[in-house]
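What follows is subunit A paired twice: with subunit B in the first complex and subunit C in the second.
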Partner chain A sequence: MAHDITPSGPKPSRLSVARIGVYGFLAMSAIFFAIPLYVMIVTSLKGMPEIRLGDLFALPNDPSFAAWVKAWAQACTGVSCNGIHEGFWNSVVITVPSVVFSIMLGAINGYALSFWRFKGANIVFAILLFGAFVPFQVVIYPLIIFLREVGLYGSLTGIVLVHMAFGMPIMTLLFRNYFSSLPEELFKAARVDGAGFWQIFFQIVMPLSVPVTVVAVILQTTGIWNDYLLGLIFAGHDNLPMTVQLNNIVTTTFGVREYNVNMAATMLTAIVPLAIYLISGKYFVRGIAAGAVKG
Partner chain B sequence: MKTNADVLTQNTGNSTRKRKKLNFTSLIASTPMIIVAIGLFVICAGYSIMLSFTKSKLFPKFNWVGFDQYERLWSTTRWVTSVENLLIYGSLFIIFCLVAGFLMAVFLDQKVRFENGFRTLFLYPYAMSLVVTGLVWQWMMEPSLGIQNVVQELGWESFRFAPLVNPELAIYGILIAAVWQSSGLVMALMLAGLRGVDSEIWKAAKVDGIPTWRTYLFIVLPMMRPVLITSLVLLCVGVVRVYDLVVAQTGGGPGMATEMPAKFVIDHITVRNNVGLGMAAATMMLLPVLLVIGPWIYREYVKKGSRA
Partner chain C sequence: MHSVSIKNLDLMFDQVPVLQNLNLDIEKGEFLVLLGSSGCGKSTLLNCIAGLLDVSAGQIWINDRNVTWEEPKDRDIGMVFQSYALYPQMTVEKNLSFGLRVKGVDKEEIARRVANAAKVLQIEALLQRKPAELSGGQRQRVAIGRALVRDVEVFLFDEPLSNLDAKLRADLRIEIKRLHQKLKNTMVYVTHDQVEALTLADRIAIMKNGVIQQLSSPDDIYHTPNNLFVAGFIGSPSMNFLHGSCENGVFTCQKTGHKDVVIDLSRYPFKEAMSKKTSMILGIRPEHLILVEQQQDVPFSVEVQVDIIEPMGSETVVWFELQGQSYALRLHTENHIQVGSTITIGFDPVKAHCFDSATEQRL
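So, the complex of A and B:
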């Protein structure tokens, strides 16, 4: 009976009460989500006298980028007053190699786990999976001791290694799940033709993995850029990432708090992941779902 | 089930020697993975647990004291408060994110205009770091220049919205910021789930005259169990790692009002120089993860022992 339903009765009017309710709810939610970004932007474009008037939501009378310039080049991040630009470049220098290497490792791991399972691969994978859920706090202290012993604590190499290690569970999982969905015949055919481990990886599997690699790049870039804890502990004084310097600017100011500079610095820190989010669209959502383990 | 490698070697009739060689290459390629898995998640975690049974202060020392650190931990006000805070914050965070995310997904599913615009707006906070989130909300919750002031100037004198300066309410200030940041995630997952629901279900419900909201709540929602579990897992992981948000928004204060276990551990291994106690706290954080995730991983991945 359910297979042949044709619409009957009058066409519902476009603006029924229910429709108004739907749009009302969505508009309210939209305002809630938009307000912080709006406040961040208008505050950063105001001068301090205007901010002291207390009109948080008012548009700036005389929009100026002075606070942005100060945040970028002069704001005090603890000891020095060179602005957040040092942190920006530190974050770039930390993020790029961390993303590249963690994705390479994740792809190789996923490939080995999907097509070339060595003895005990299950156990290793289970431990890694468990690692995806372990709070950093549980392993951080021994890791500090170890890196100190080998002389990498507080160095760029150290923080990149740390990001690679902590990114490995999710990257491995992402690639393994993707490779599991590739047709096995492809792989078999290559093996019959005598292709080896690396040949199949570079010539057959990786060219098919562009979508999953894009997802991985988005996931890792935003994740590592937004990291605070690992950067604070492992990066060392000369490599502190942008998030750490941002927090220093805002929380360690003496005297008058310059809210416009704070918000400009906050915007500067948020711009990179925000841009990635807006450009990547649906890939970003896929990246989120990648954290979801298929049961 | 047979692994790919087994199947292949049989099909192509390769010698055992070749198979061994291939297995060896795969093992070499997997060395970093093995090192990280064993080194970081077994040895490091084990080392942390070991240190929790010692009197280590600034550096690791192996002067065993049994369960002393745990006794001290649970009689430390700061820790007990942290755990209480985490339980309040965590349960409310999960409930609010799930409800808000589900509602937003359902409303977006009503063939609305500007769906992409709304979706982009609901999810963008999730792309931003928790430090950014904490600092923005700290500014908006500022007592004399923030939202409270704006509403009071409009004439509503008794309006109060400055939770961060009130020890009773500070945790809810964190909660608002956290829900703002994460509920879009649930929305995105749920919307994808809703789109995957068979349209026949909707037709059948229409024919039976079931109201739309009941269909969503009692038919569609139970069908989305996997999405719910995914959301729940991601939110739980976020709860345990709440460190960044607290540090940026309140620094744990006022008083101990927003202290969290994650911050307790970091404080004790850095500024407070009490590694033994910190590691006991870390072990307590590991325990629920082990109890929940451990059996599940074992059942799904070790026992089955095949490609999922």
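So, the complex of A and C:
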């Protein structure tokens, strides 16, 4: 008998038409997002004469970080010409407390809503959800009046409060959904063991919430760091975030347009969210998936 | 003095009553098992005792103290959950000591109690492991240990063994019984496994739709079930029931196209004498049916055909047909019976159970 029959057929080819299609699509998407980044980086490393040649995609002949240094320390952001480093620190000072407090608020809300089902919890949750869908431009004016009345308009505290308020619905939703995937018996066991509201929160629930907290940090850091409008309106002149200063550099109307400096300033501004994504991308996907399974 | 006393308890979930006017007294040191099918409210009752659910009406007393509105921690109870509910991020030792640490017990006392519990439950070697690194049986031991270290008066178990395989379940069952004999605490144990209930309990409360059907010793429940539900619930395979009527101490079961079954019940201990003809259900356990060749002198016997045989090691369950319905008979394996053969079976009416068809109560 001829041994020409392989029991389970030939090994399936890995490269089917569908596969090629998928890879093609992925490659296109990657290029779509990578090309502007590439252009920005090479432009920021070129000198002005080279840029004027207009060859957008060419690699720099003589790469130099001069434009980066200038963007950081000397570029004019309106009246002063100290670069965007002041804005960078302003952004840090705004972002850190805003992220920390908005996440804490969201986690506590979500915890109270999913484990301590108090009377009216569902209504509170519905209102919060509604809040997530209100376009924030609508409430800016009343918010300005409110902060002015309590004397916090144009202060660091004011802008942090604003970020907390706008972050609360989505943070609450995120944490509530994650918590409802934790076993309820765990919470009951802790109550029988005598732990109170805060002890259960800090000792039982939060240690189990690392993935969702990472997601929250990413969402909030990028959101708040990239914010322009709220910073411009509420932060006050001394606390203007980096994005506002970047805008000032880019839209300066006198002198030559220094494209390399603009590009460098933009890159500097984008570095923080970029770094956060690169460092924690794995957790990001995991946490989103974990929260999505049960809601 | 009652260890746990439940008085006129009502519980509703969004207007849906789950427990209604429930009364239950549990003696000090008693092992009480709550037995019932899925969804009958066993866990709900246990959660009420623990204080994890707010009751709608009624009172709960523990150790002669009204604890209806007290927090779980103030009720002197420990609870073991079906899913173990160990804190995943803590080692076994930290799991055991969590309750004590929260309470602010001093370090030496904690160490002493943890060591003691670990010794009793034989988990000393596991103290530094995380729950994920334990087997199911070990996790369950840790869960019991968590209640043990707190030195409570009442232990509440919610189906603690139902996630384990049959062998381990049997082993841990004995360990829990041993633990109870040693500690002499009050234990309330929820299960839907009747073997667990019969082997562990001092008393069993059989529940159906949030109502306790019968509360008595395992022996009582098995030998004199109060009503049709209890009779059918306990025993495996479950009791055989014949629907018929009774007049002048004679039970008759008629069915068109079949021979009448007539059983003389003059030896049956009726609760009260029946004056008129009553519609009745007669029950007999498969293990109380006998093969008549062996023991000729039986008040009732009938010839039947063997349908199916289920060998179960030491015993065999024989299914046969009578008046077009299927019934079971439990025999020792030595009786070699063939499918399709005709056998004569019978029983002593003293061992039968009679229930009123309308009220389903025992007669």
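The rule we apply is simple: the second predicted complex is superposed on the first by the 252 of 295 C-alpha atoms of A that agree within 3 Å, B and C clash if a C-alpha of one lies under 4 Å from a C-alpha of the other, contacts with A are read in each partner's own complex, and residues count from 1 in each chain.
Simple rule for what comes next: a contact is a pair of C-beta atoms (placed from the backbone, for glycine too) under 8 Å apart; a residue touches a chain by one contact, two chains touch by 3 or more.
Just so it is clear, the model here is predicted, and its values are computed rather than measured.
Of the two partner chains placed by superposition, A:62 touches none, neither subunit B nor subunit C.
Once chain A of one complex is fitted onto chain A of the other, the partner contacts of A:135 are limited to subunit B, with no touch recorded for subunit C.
In the superposition on chain A, contact is made by A:189 with subunit C only, not with subunit B. With both structures placed on the common chain, the touch criterion links A:199 to subunit C but leaves subunit B unconnected. Within the superposed three-chain model, A:149 lies out of touch with both subunit B and subunit C [touch as defined at top]. Once the two complexes are overlaid on the shared chain, A:37 sits against subunit B while remaining clear of subunit C. Ranking subunit B and subunit C by residues of subunit A touched puts B first.
In the overlay built on the shared chain, the residue A:269 is in contact with subunit B alone; subunit C does not reach it.
When the two structures are aligned on the shared chain, A:207 is found in touch with subunit C, with no touch to subunit B.
Touching of subunit A by both subunit B and subunit C, each in its own complex, is seen for residues 188, 191-192. Contact residues on subunit A toward subunit C in their complex (touch as defined above): 183, 185-186, 188-195, 199, 203-204, 207-208. On the side of subunit C, the complex with subunit A involves touching residues 47, 50, 52, 71-73, 77-79, 81-83, 85-89, 98-99, 102-103, 146, 150. Residues of subunit B that touch subunit A in their complex: 3-5, 7-8, 11-12, 22-23, 25-27, 29-30, 32-34, 36-38, 40-45, 47-48, 51, 60, 100, 103-104, 107-108, 110, 112, 118, 120-133, 135-140, 142, 144-147, 149-150, 153, 180, 184-185, 188-189, 192, 200, 203-204, 206-207, 226, 229-230, 233-234, 237, 240-241, 243-244, 247-248, 251, 261-262, 265-266, 269-270, 275, 278-279, 281-283, 285-286, 289, 293-294, 296-298, 300-302, 305, 307-308. Residue ranges of subunit A in contact with subunit B, taken from their complex: 1-2, 5, 22-23, 25-26, 29-30, 32-37, 39-40, 43, 51-52, 54-57, 105, 108-109, 111-119, 121-146, 165, 168, 172, 180, 184, 187-188, 191-192, 196-198, 222, 225-229, 233, 243, 246-247, 250-251, 259, 262-263, 266, 269-270, 273-274, 276-278, 284-285, 288-289, 291-295.
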